[in-house]
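Each of the next two complexes has chain A plus one other chain: chain B in the first, chain C in the second.
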Partner chain A sequence: MSAIDIRYAPAAFERRQRRNARVSALGWAACALAFALLASALLDILFLVFHRGLSALNLQLFLTPTSGIGGGLLNAIEGSVLLTLGALLLAVPIGVLGGIYVSEYSRDWLAHGVRFVADVLVGVPSIVFGLFGYLTMVTALDWHFSMAAGCITLALMIAPYMLRTTELALRGVPHELREASYALGAGQAATVTHVLLRECASRVLTGILLATAISMGETAPLIYTVNWSNYYWNGHLTHEPVAYLTYVIWSFINEPFASAHALAYAAALMITLFVLALTLLARLSLNRLTVRRSA
Partner chain B sequence: MSFPYLSRLFGLALVPLMAVTAHAAEVTGAGSSFVYPVLSKWSASFHEKTGHQINYQSIGSGGGIAQIKAGTVDFGASDAPLPASDLAQFGLGQFPVVIGGIVPVVHIEGIAPGRLRLTGPLLARIFMGEIKTWNDPALSRINPGLKLPASAIFVVHRSDGSGTTYNFTNYLAKVSPRWQKSLGFGTSVPWPVGVGGKGNEGVSAYVNQIRNSIGYVEYAYALQNRMAYTQLENAAGRFLEPNNAAFAAAAATADWAHAEDFNLIMTNAPGEKAWPITATTWAIMYKQPKDATRARAAFEFFKWAFEHGQPQAGSLDYVPLPPSLVRQIEGYWHERFKS
Partner chain C sequence: MRPSDALFRVTVTLFAAVIPLSLLVLLLFLLHDAWPAIRFNGVDFLFKNAWNLGNQYGNPVTVHGQQVMPGASFAILFLIVGTLASSLIALLLAVPLGVGAAIFLAEAVPAGLRSYLALLVELLASVPSVVFGLWGYVVLIPLLAHHVYPHLARWLSGVPFLGPPPGSGYGLLTAGIVLALMCVPLIAANLREAIEATPQALREAGLAVGATRFEIVRKIILPRLRLPLIGVSTLALGRALGETMAVLMISGNALNILPGNIYSPISTMASFMVSQLDSALQDPTNMAVYGIAEIGLALLLLSLLVNAVARVLMPRGLSA
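Entry: the complex of A and B
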């Protein structure tokens, strides 16, 4: 219809073209504005964290534990790293194996169910995981605030995320590769481990790294499950609270004293740098894949 | 499957860790944010002395009460006392730990800290929205030397439930029958005017940003943020500036001896030199603890804090408990708590 209109009414065509150009310009302007808004918010946060955090940095932070509202942050650094490692130890097998299952056995009704549950869990606010951890492990199992409760809660939060990224990574592998593998006589297990995972390993790793960054930056699930400690972790999995960096940000910024504020900003800087490093690492591993492919 | 970065990541993370201290009792507590600075300072010194670790998470008084009732911590801390019925139902006991002051703060051009005079009833009328401008005759009358602006008063209160609000509104309810009747007191009340800030820090920030505002914060926040706190007329009819001596005077004149389970709010204390909004934080513990070793370490900690922790408390703008009250608390421990 419109093609006919255009052929017989050049004036209308020009009008429409002008209008399209206007609308398009308006759309681009809106996009640019939205981008500028987001970018400026991010830059503002980064500037504040770097500005305040850098002036609060000193060697003591990395050598001593917190003492009251002053001291260092080594106990919190240790706790954050251990909580994240513990969560990864639990979540990586579940997430990656689950992702393989859902992607490669997807005709199974159970796989549909797992994918649905993972989708729902990815969307659940982190504080709900905290509350779940609190009700089940801290109180019902009587573990109290502890390393185990924190690690499991974080793992529950990031495992569905890894499951979905692993699944998407596997689905990104061209179907011809599967066919070729089967044609050569490989079974399903061999195809997955030797062909598919090798092909999309960096995508899977990227998912794991991003999930690590998420768990490192979480506060809400840990407030409910880990409490806070002024000391190093003493090796107990239950009944003993643990220190972690995001607590320092969340709590110390509300204290009246400058020394507490300095610790909070230093902790914010550390978390920001760590998450930034993980994100860059994830990017790098993706790039490497592309380079290897094209080489 | 090759994950080249993962092994490097694990290796990096494991380097600086694994410091294990000699094993002594670990005690966990949670609650009032008001006591966090002094409790954590005390616990650091106590750890050096005895090796016991006291861990305290500042999650607010309400959280502290919930956690001790749930039995997830060895002690809770609250700026509002538990009623006798709750104590009996859960088998809990409570005792004061430290004393501090709550002060009104204002942000008026040209008014320095400690200059503006207020009375309890006037404070109540301001927070009820009845006194609307700073040059109200009622305010000018008691501030003859001050030039107060004709601008509207901007009220700032807490948006979250808090022990600070509990003590502040308790005071207003004691001195203003109309406040008592229409708003009462509690960790939060239905404020008729003003905006809410989250935590003492939020109220401080609002008052610092907004001209002609008034709020109420713990003394340490007023000092550390260099805010203009006001004078207040106390129960004896004297105008006082807030300071540690005035808080201590309120603690000394309070009638602790007749307070069952130390259930006593120190606001509007009768002494000549007593600051009218002086507050206590209570520690709450089980009379028959699940873990006797940890409970014993907690009592040792509080005993040590009462006897040796006072200079540190003073340096953080808290007031030590009067000696007579400490003796009474130690008597209460022997009488009420097992172990």
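Entry: the complex of A and C
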């Protein structure tokens, strides 16, 4: 058995140190490059949308409906807003109340099941929800392409997401608050509505904002349930197709006419601006919240 | 229990029950409407390249007890290959990019700047699919088709699947690149969080034995993140499998052919469901719609499987 070699070998040591430094520099460079690639992709997407979108903007867009491949976008703006509001109207009660259940009765077997299914449903492709809406509402119930079919389809899609964000918001509330509330003699219902929800309201709202952004940016399920219309919505929940902005982007960019392209870029600008604004707002409220907590 | 609390409990339970109920109804309806197609297609559905509505002007014939147009067949091997291949390419690109960006953001950027720079990666997640498609169509495809693919194909001309012909820009690799950009924020955000949560003592131990900062990342921090990385990559795979609009706009929408190399046009199950809807509605026997329902059912089962695996690997679930 030879003893461990601990001779002082400055040349070998320095060689190794130089090699390590080189490997490190290469590693950092690779990481920086990965970041730069991703950031430049986002910036280029935003540049395209803002550059072409801004030059396509004019007052007409906000005052008139589309006609063929020209005209304005007011019918599509109206449709997108109404579809999303309708979806929120249906999904918020399911998402928020469901989230309360999963968080406050978390030891029930049903709560485990609901949480698992919600997680899995968040990952189900939106086109599958669209197909479901088509098979059930558009054809079986004979509603045709319509506002109601679109709203219900979008609601089914975003409700599981809201359920999970609401649950996580409630779980973030310190346990002492629950205990304090029970100690004052409040029941579970009063504790949740008067103490917990008030404490985490902005986090619940953040989840709703993000779900709104998802719903606004969707296209595929709406092609299957709402189709497209050149007119304003006429107030009928069924039997009337509706216009929406994302359709304009997909469909009009393939037309050979400059007027169609201008509409597509303008629609892309509106949708992107709206979705980014909602996302940034949601992040801002989350950041402010954590700052207040830690202070 | 007080009556108000009992009422509260019943109410929230009922609303929560809508979620599992909706999955059940989703499965049942897709199965119900796909059933005639399942009877007609048999196992060929998964193993042949033959999506053909048949002669739309003939008289319907009865095959396997199902009414179809003469010559009709519905088989989607090319869609399964297109879906899996584009998603795998997306993962191969997104994992190194996501890990690299997460390391850069968590370890190399000063804390004050970090949340702003992280936005530049994480906002990619909120760009709508159809806007990615627009960007791919207008910017990425001309760039790749003229300045990247021809050189890449020539340079790799001996390598199977990577050599020429370089194609038109619409195809498998383009779809993979855009899908990678779409699911990279999920990987980068989760990993960044995990790196930041590494105990300070471990870093100090690394410094104490003379490791460089990069060696600490590579030999101490990253090995601990193997499991979360596998979980979040599975989740990203699930996202990529079902992505519709962007793929529809940039993949070339191939019909009934398998990709010859990574530049070939493809279709995915999700994009094909949109591109075929109009023609399927023309089928007087409705079998084409049942066929689309069968694609939808297959896609649903695939995504349920992938997401269930991701959920088991990442018990914390939803985070992004």
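Heads up, the rule we're going with is that the second predicted complex is superposed on the first by the 254 of 295 C-alpha atoms of A that agree within 3 Å, B and C clash if a C-alpha of one lies under 4 Å from a C-alpha of the other, contacts with A are read in each partner's own complex, and residues count from 1 in each chain.
The working rule: a contact is a pair of C-beta atoms (placed from the backbone, for glycine too) under 8 Å apart; a residue touches a chain by one contact, two chains touch by 3 or more.
The model shown is predicted, which means the values in this text are computed figures rather than measured ones.
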When chain B and chain C are modelled together on chain A, clash or fit: clash
First, second, both or neither for A:Ala189, with chain B first and chain C second: second
Most chain A residues touched (candidates chain B, chain C): C
Contacts of A:Val173 with chain B and chain C, given as first, second, both or neither: neither
Which of chain B and chain C A:Ile253 touches, first, second, both or neither: both
First, second, both or neither for A:Ile223, with chain B first and chain C second: both
Partner chain(s) touched by A:Leu57 [first = chain B, second = chain C, both, neither]: neither
Chain B versus chain C as contact partner of A:Leu286, first or second or both or neither: neither
Clash-bearing segment of chain C relative to chain B, given 26-34, 62-70 or 278-286: 278-286
Residues on chain A lying within both footprints (that of chain B and that of chain C): 223, 253
Complex contacts: residues of chain A adjacent to chain C: 20-21, 23-24, 27-28, 30-35, 37-39, 41-45, 48-49, 93-94, 97-102, 104-105, 110-111, 113-129, 131-132, 135-136, 140, 156, 159-161, 163-165, 168, 187-190, 192, 213, 216-220, 223-224, 246, 249-250, 253, 264, 268, 271-272, 275-276, 278-280, 283, 287
Residues of chain C defined as touching chain A within the complex: 2, 4-5, 7-9, 11-13, 15-20, 22-23, 25-26, 29-30, 33, 96-101, 103-105, 107-108, 115, 117, 119-121, 123-124, 126-135, 137-139, 181, 184, 188, 212-215, 217-218, 235, 238-239, 241-245, 248-249, 270, 273-274, 277, 292-293, 296, 299-300, 303-304, 306-308, 310-311, 317-318
Chain A contact footprint on chain B (complex, rising order): 1-3, 5-6, 9-10, 13, 16-17, 19-21, 23, 26, 28, 30, 33, 36-37, 40-44, 47, 53-59, 70-73, 199-201, 204, 218, 220-221, 223-225, 316
Residue ranges of chain A touching chain B (in the complex, touch as defined): 62, 66-69, 71, 74, 77-78, 81-82, 84-85, 138-139, 144-145, 193, 197-198, 201, 205, 208-209, 212, 223, 227-232, 234-235, 239-241, 247, 251, 253-258, 260, 281, 285
